[in-house]
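To keep things simple, chains are lettered A, B, C, D and E as they appear, and every chain counts its residues starting from 1.
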């Protein structure tokens, strides 16, 4: 799963029916030290993530394996909110 | 999902049977500020997107989870038309 | 789907049983103006594409959704032959 | 499958229900000589891998084909712990 | 499918049960002229490929569509051994 930060949101009124009422968040991959490293893209939120939070994103078919995205045409889902990251014994991120 | 712009269309008379009558649109990934950043590719349109519109594209198996692409050999589908994008409190795109 | 050109063919006598008798074509991704931009790879032909033709390629699980590749261990299939491409009102490719 | 090293761990209390109790490890792709070459990401551990070990990672839908990840929204799983690697007759890695 | 060369092998005693007894080969993507171009990774062998042979590799879910990898958590399988490659009328590779 990618480590990413929620940096914004998207509005789409014309979209696949199954997605009506679902939050579309703009996310950007980050390093383990919370520096943005990738190109922003859009993910469906399955866990109630908020702006600025560090999250875990599953890509591909995994995006259809949450209760709110079953059989939805989505390829990226936020499936966890990160509390902390530790690399080689050092805490590189802790949710404030 | 990728943020992309519809920049053209493709015509293919010899193609998988299930795709007869489906629109093949040429799209290009864009940044959140609507600058083209990627290499153009072809997506099936599931929502009635028009030329020049900013859209959301699902890639991979997700492309088969719209009513018009069930069991079709496609790997990219336009599943939403974007009205606006907001990043860190600033509107970076609004449909005109 | 990728826009690609058929540039050659591969021969493999020892292969997954389900692929016996199937054409293995070497293809290369191209731009909308038919310039080769990618690294050649091998795709199964589902539509009778010929050498030099511009084609549409679906990657991933989509490759198993044609009559001749059902349940085959393939990840790339030629699912359409391109007649023409149009970008921003200009025809960038037309089959000769 | 990717060759990767376990370099850390992630904590997420708010996550997809099916993942409660599962270890989230931070991994980094490595060369056959155990030099880190990629960007760290998070994988589910299906085999009891420990910090510092070299492992095999399956990406995509393969991540749902272990007993502990069936139908889970995950896209990367550690499915083997590496004992040794041999390239062109030379052992390039041996677990100490 | 990728064109790749078998350059080595991996040993893993702790791994997903379904893979016990399966060969784990180290492969590297090559050009049509058999020059290595990619980063080595590990693939399951479904056709009896040997060291040094040029092979076809299917990635993603396709890896589960051979008799020996059904429902296995793998994302890359060798599904063919290459005898020859021809590009624009020239044979660029022939198995010796």
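FYI, contacts are C-beta pairs under 8 Å (C-beta built on N, C-alpha and C of every residue); 3 or more make two chains touch, one makes a residue touch a chain.
Fair warning: this is a prediction, and the values are worked out from it, not measured in the lab.
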Where chain C and chain E overlap in contact partners, by chain label: none
Fitting chain A to chain D on CA atoms, where both chains share a sequence, rotation angle to nearest 5 degrees: 70
Centroid distance [mean C-alpha coordinates] between chain C and chain B, Å: 20
Intercentroid distance (Cα basis), chain E paired with chain A, Å: 33
Residue numbers of chain C (touch at least two other chains): 60-61, 63-64
Sequence of chains encountered when the ring is traversed from chain A in the direction of chain D: A, D, E, C, B
Chain D to chain E touching residues, read off their complex: 1-3, 29, 31-32, 37, 46-48, 56, 58-66, 77, 79-88, 92
Interfacial residue positions of chain A with respect to chain B in the complex: 7-16, 19, 24, 26, 39-43, 60-61, 63-64, 71-76
